Structure formats: C-alpha cells, structure tokens
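Below is a structure I'd like to ask you about.
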Amino acid sequence: MDHTYRVTEIVGSSRESMEHAIRNAIARANATLRHLDWFEVVETRGHIENGEVGHFQVCLKVGFRLEEPES
Amino acid sequence: MDHTYRVTEIVGSSRESMEHAIRNAIARANATLRHLDWFEVVETRGHIENGEVGHFQVCLKVGFRLEEPES
Amino acid sequence: MDHTYRVTEIVGSSRESMEHAIRNAIARANATLRHLDWFEVVETRGHIENGEVGHFQVCLKVGFRLEEPES
Amino acid sequence: MDHTYRVTEIVGSSRESMEHAIRNAIARANATLRHLDWFEVVETRGHIENGEVGHFQVCLKVGFRLEEPES
Amino acid sequence: MDHTYRVTEIVGSSRESMEHAIRNAIARANATLRHLDWFEVVETRGHIENGEVGHFQVCLKVGFRLEEPES
Amino acid sequence: MDHTYRVTEIVGSSRESMEHAIRNAIARANATLRHLDWFEVVETRGHIENGEVGHFQVCLKVGFRLEEPES
Amino acid sequence: MDHTYRVTEIVGSSRESMEHAIRNAIARANATLRHLDWFEVVETRGHIENGEVGHFQVCLKVGFRLEEPES
Amino acid sequence: MDHTYRVTEIVGSSRESMEHAIRNAIARANATLRHLDWFEVVETRGHIENGEVGHFQVCLKVGFRLEEPES
Amino acid sequence: MDHTYRVTEIVGSSRESMEHAIRNAIARANATLRHLDWFEVVETRGHIENGEVGHFQVCLKVGFRLEEPES
Amino acid sequence: MDHTYRVTEIVGSSRESMEHAIRNAIARANATLRHLDWFEVVETRGHIENGEVGHFQVCLKVGFRLEEPES
Amino acid sequence: MDHTYRVTEIVGSSRESMEHAIRNAIARANATLRHLDWFEVVETRGHIENGEVGHFQVCLKVGFRLEEPES
Amino acid sequence: MDHTYRVTEIVGSSRESMEHAIRNAIARANATLRHLDWFEVVETRGHIENGEVGHFQVCLKVGFRLEEPES
C-alpha cells in the first residue's frame, strides 16, 4: 500500500542536552499526533544566560503517517 | 486583494513512479485541505527491497490559500 | 521550564512592499494561532503584471509556543 | 497548452529601498523582454559610502514565457 | 581546444510527467540555440487544479557550446 | 541492536526516464553490495544529442547495512 | 595594489522596516570600524509581540578594507 | 530600542560530548565578550585517534549585543 | 609529503545518544579501514517507536589517509 | 544613478589551470557583451583522460551593466 | 547502452597550488580505480604553518564508470 | 586539553592567481593574529577591467587557536 506522510516542524528545548531537547519535542508532538514515524534535526540553537548555555533548542522535522481519509 | 497561503509538507509514495507518488500525496492532501494551489519537490528518496526499488517517496511542499478568518 | 514550539510556513502578499507582505502574513496567522513568537524569511518572490511588480510574496517560517497538552 | 519559460538573472539597484531596486530591475527587463511573469530574490547586497548605505543591490531571477518558435 | 559554454535556465511544463516537461523545455531551447550539450534539473514544481496536478514545471540549466567569435 | 550503514554514491542512466535511471543504478549496486536499504536522489542531469535528451543521469546516495565485522 | 578585506557579521533591528534595520547595523559598525565597503544580507528574522511584528532583525555580512599593518 | 548584535564564530572542543564542546566554547567567549545572547551550531566535526573519537569539535555562531558607542 | 585521503559516508545508530551513534559508526569503520583521521556530521535523523525516540541515526563523513600505492 | 546589471552563466575550460579557464571564459564573454563588471565562481569541475586531468571546467556567473534602453 | 558510474570522494593536498592538489588526488585514485571519468571540487581548505599556507587540501568527487558485473 | 578556536572571515585579492589571493589574505591575517591554524575557501569572485580579470578575490574562513584567558 502507498502511504502518505505529513512532516511538521517543532522545536524542543532543554537545559541539559540536545538529546533531551529532541525527546521533549517528540513527547509533546506525540500528545496530539498519531503514527509518529521519524525525525530529522534541521537546526540546533540555544540562548545564553549569564555567560552559560540557558537552553539547547533543537528544531526537528517530524514525519507521521496520515490515516486514510474515510477511516 | 492580498491573499495569504500556508505551506505544508507531505510525502507521497508509490511503487511505480515519482509522478504517482506526487499525485498520491496531492490527492491525500485534497481530502482535508481546500484551495490547494502549487507544490514543490523538496526531496526524492525511496527504500529498497530485495535489491529493487520498493517505493519512491517524494517529499513535497504544498501551498494552499487561506480563507479570510471571518468568512 | 522547557517550552516546545511549532514552526509553520506561510506566504503573505502585498502590492506595496515586503514589509506589508510580512505583516499581512503574521496578522492572518494570529487570527488562528496563539503565542506567535518569531518569524524567519525563507523566500521572497513575486509575480509581474504588465511589466511591473504585481505582488510581493514573502514566505515565512513562523514559530509559536505550544501550550501544555492538559492545560 | 504546455508553456516554456526562460529565467534570466538581473540586479537592480536603488539608493532608497530594496523594493525600489526590485522595481528598477523589472522595469529595465521589461524594456527588452516580453511576457515577464514572476521574479524571485536570490541575493541582497549593497555597497557602503561614507559609513552609510550607498545602494541596495537586489539580484533577481526573472521568469518570462517564451513565444512559440514559429509565431 | 578549450571550449566555452553558456548556461541558460529554462522551465518546461507538462500535464503528464516530469520527463515530458524536460523534453518540452529542451525542444524549445533547440529551436533557437545551437550545440545544446547537457542539462541539470534545478527545481521541480507544479500547480494544482481542482485538487490534482495541473502541470509539472521543471526548471533546467541547459549548457551549450559557444562558437568561436569570428566563425 | 545498533546497526551501522554505509552510503555510496552512484549514477544511473537511461534513455527513457528518471525512474529507469534509478532502477538501473540500484540493479547495478545490487550486483556487488548486500543489504541495500534506501536511496536518495542528489542530482538529476543529462546530456543532449541532436537537440533531444540523450540520457537521463540520476545521481543517488544508496545506503546499505554493514554486517558485523566478525560474522 | 592587492587589498585585503575582513568580513564581520552584524544584526541590525528596527520596528519599522528591513531597510532601517540594515541602516542601523551599518551606522553602528561605522562607529568602530573604518573603510566599510559592502554588505550582504544573510538572514532576515524578527520577533512577534501581541500578534504583530515587534522587530525586524536583519543579519548582514559587512566587508571592510584592512589598512596595511605598518601604517 | 533598536539593538545591534555582532555574530562571531568559535569552535569548541571536548573529548566527551558535543554539549561539552559547546559549553567550553561559550565559557571561553564569555571571558572576553559581554552580553552573549544566543548561539547556533553551524558544523560538527572531530578528529579520530587510534580508531576512536579524539575530540568533538563544534563550530558555533555566537551572537552578542553591542553596547551603544558612547556609553 | 603530500598525502591523499578518501572520504566515506557511514551512518551510526544508538538508542541512547548522538555521541554513541557517532562512536558506533567510527568503531565499525575502524574494523575495516586504516588511518582514520577525521569525521564530520552531515545529517542527524532518527525513527520514532511508540511516540519515543527509537534510534538516533547520525550520518558522518569519515576521512582516512590512503597509503602509497606501492607500499 | 541606479544601474541595472544582468548576470549570465558561462563555463570556461583549460588544460592548464583554473585561472586559465576563468580567463578564457571572460575573454569569450567580452567578445559579445559590453561593460563586463564582475564574476563569481559557482562550480569547478573537470573531466579525466587516461587517469589525468583533461580539462578544468570553471562555471562562472558574470555580471555586466545594462545600457539605458533608449541610448 | 546505459552506463552506471560510481562517485567517490577524495582529498588531495599540495604545498604549491590547488591544481597540484587536484592532480595528486586523481593520480592516486587512478592507481586503484579504472575508467575515471570526471571530477568536481566540493571543498577547498588548507592548514597554516608559521603564518603561511602549509598545504592546500582540495576535496573532490571523482566519478568512474562501473564495468558490467559479469565481465 | 580542550582548545577553543575562533574563525574569522577575510578576503584576499591578487591580479595573478587564486593561490596568491589566498596567500595574501593569510599573510595579512598573520600580521595581527596569532596561532593561525587552518583556512577554508568560502567564495571566489573577481572584478573585470577592460574585458579581463582585474583581481581574483578569494573569501576565506581562517581558524586560529585562542590562548587561555589568564595567560
């Protein structure tokens, strides 16, 4: 069968690591989207507070399978 | 009048050709979005099964006109 | 707290200037989305009518903060 | 009918604004080319004179429809 | 001998396939240019009519050998 | 288990279509590599003969799973 | 004579327009650097306040000629 | 008020992780620059010693607010 | 002496972190290649299982020095 | 005065060096175009004959000032 | 006939010039690969020793025709 | 030890060759910066005088090791 996917762009943040920022973003996406399938990092940024990393901010493309329109 | 458009990213797939993958993606988008206007191919990938192309997977940006908020 | 943001892509248009096209796009996005936070210009195009600029069309990525799922 | 277009690259300049630079470029292109259809900004530069912007220089791709060979 | 080539950018369109769009573009270029030598796809777009692909539009760079100035 | 993959770059060619060029490239890769898993189109070019497409040339990245060193 | 230039990256901001953001950035650079020569826009962003553009933020590369070391 | 920022490019390194490399780079930048505001990862590289990662090397753009010239 | 290097592209994966994915890829490359010298991250992706990160997949370019042909 | 420029793309070739390829391309462009102003290298390729460089092929964008339409 | 090519990435180095670095890389590739056909420069770097260029390092993609599997 | 590097962007020029432009840029950088370590070519341009190359202009990123803040 020929599936169709949608790709949405989300930015997760974390004070600790880039992996936490990614996991936070995906956990949040999973709260409202079904059939999450893959992600791709498109940008890694952060802001600096008092001369130290405040937050890592990782922008992801997240792909999820669309259900058939009728089902 | 000054229209506004939204751009969404979808991935269509087909065992046969890239054109079928594109047409599948647009047909699926048309099931839930109105005023589809243009598309742009942003990536062409596929997976391989038994040493042959399993599916062509074409990632598209699809633009559609937004209706006025009140109407 | 670790916020999550979503990034959506919209195209605003204006007969006058690129700034108007950007402002139009953001006003339209603000009609249906909350917590708009930043934008980034990703493409500037336009169409030509009778040998003059018909519309400026500015494609933006717009980031907005997602609310917590339960709230 | 299946039209064919050509894309040419021009740079307009203006002391005032990027929109003027774009309009200047298209007016000049319109003096020698017919059926101008769309443009896309590919680069925005400028030179600086006495610590101020001397000219904005906007490089555009301009697309125009080709007439049928025989006509 | 050291040849020189020029590269021009054209967009072909077709209701059927990307290959037809490419062939249309090259046939049209061949009507006015000599010594066409190679092409490269730089962008694939299309517009959508009634929820289906209206035209595939393939933008090509086409290279052709320049003749010696005097000959 | 954590797999490792290698990515190799190949160019397939065909007089007929881009899909044939892709299938030719993968068939040839499959003659000497095992566990082919996915491909990605990185460039589409071609050369022109007598004013017509001579060959479509599609450059692919092809990923394949590496076997464990000892096995 | 063979000049050498340095390129520095600055971000100007303005509530009004992208041109103001550019002019602000160059005026500020001119306060501490001599022989400013050209600029190039590398990114246009902004932040949004109450559903409207708060500031346009234009990131520029600015080139300036270096004086001879001894002079 | 319309702030101006400068963007500088630094490379931090660490034997342990990419986050350490980023934190090292920002700590070093903070020793000589004031008002550090944000960073963006532009490249992640490393060198290999004895078949293992020797150092992670993360190249960052770091933005910092410029003070007013007179103050 | 003028060394020559080859660059190969590999994808490492890990359930834990991007650093583990990188280290896995390099360990595997080291099993069959000599004189590994540097790496560069070219893409970071992953797949999602049950709404969580299944694997981080980091695509690397790995450079290694070629031995002299005769030696 | 606000000048307009056109940018054309040409490929020069040389058996000796990249500089010769560039100079050949510009000499050829100068035979048919006036007011050549700047160039930018966009691609450097070559073909290989008998295991050695046959030709260097340097693709340039060449900018030239357009004359006023009436003059 | 529809040929298939493989593309490999190599880095040549030279104390003298970029052309020497390219020629060194191709000579080395020719020692182990047959049917070398074209190259493309993908990156030019170098390291600096005592304030002078130590080596030019030119990274090339080199394409070579694959022989038929059975032959 | 974990070194930190800074990357600065400079443009060297030469009437003769790209290598001279690079060497000029690095010699000039060496007059004011210590511990220069590597460079990377990011752009090659030039201006044209009387239909011939006036200057080659090579834009480089130059990396240099930062000394420890206290030392």
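Every chain is named by a letter (A, B, C, D, E, F, G, H, I, J, K and L) in the order it is written, and numbering of its residues begins at 1.
Keep in mind that, in the parts below, a contact is a pair of C-beta atoms (placed from the backbone, for glycine too) under 8 Å apart; a residue touches a chain by one contact, two chains touch by 3 or more.
For clarity, every value in this text was computed on a predicted model and none was experimentally measured.
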Partner chains shared by chain E and chain K (touch criterion as defined above): F, J
Shortest chain-hopping distance from chain B out to chain K: 2
Interface residue overlap between copies chain K and chain L, same or different (over half shared): different
Inter-chain centre distance, chain H versus chain I - centres from mean C-alpha coordinates, in Å: 24
Distance from chain K to chain H - Cα centre to Cα centre, in angstrom: 33
Distance from the mean Cα position of chain L to that of chain C, given in whole angstrom: 38
Interface hub residues of chain C, defined as touching at least two other chains: 8-9, 17-18
Contact graph of the chains (line, ring, star, complete, other): other
Chains touching one another, given as label pairs in label order: A-B, A-C, A-H, A-I, B-C, B-E, B-F, C-D, C-G, D-E, D-G, D-J, E-F, E-J, F-I, F-K, G-H, G-L, H-I, H-L, I-K, J-K, J-L, K-L
Complex contact set, residues of chain H against chain L: 8-15, 20-21, 24-25, 28-29, 31-32, 55, 59
Chain H - residues contacting chain G, complex: 2-9, 61, 63, 66, 69
Chain K residues within the chain L interface of the complex: 16-18, 43-48, 51-53, 56
Touching residues on chain C, where the partner in the complex is chain G: 17-19, 22-23, 26-27, 30, 36-41, 62
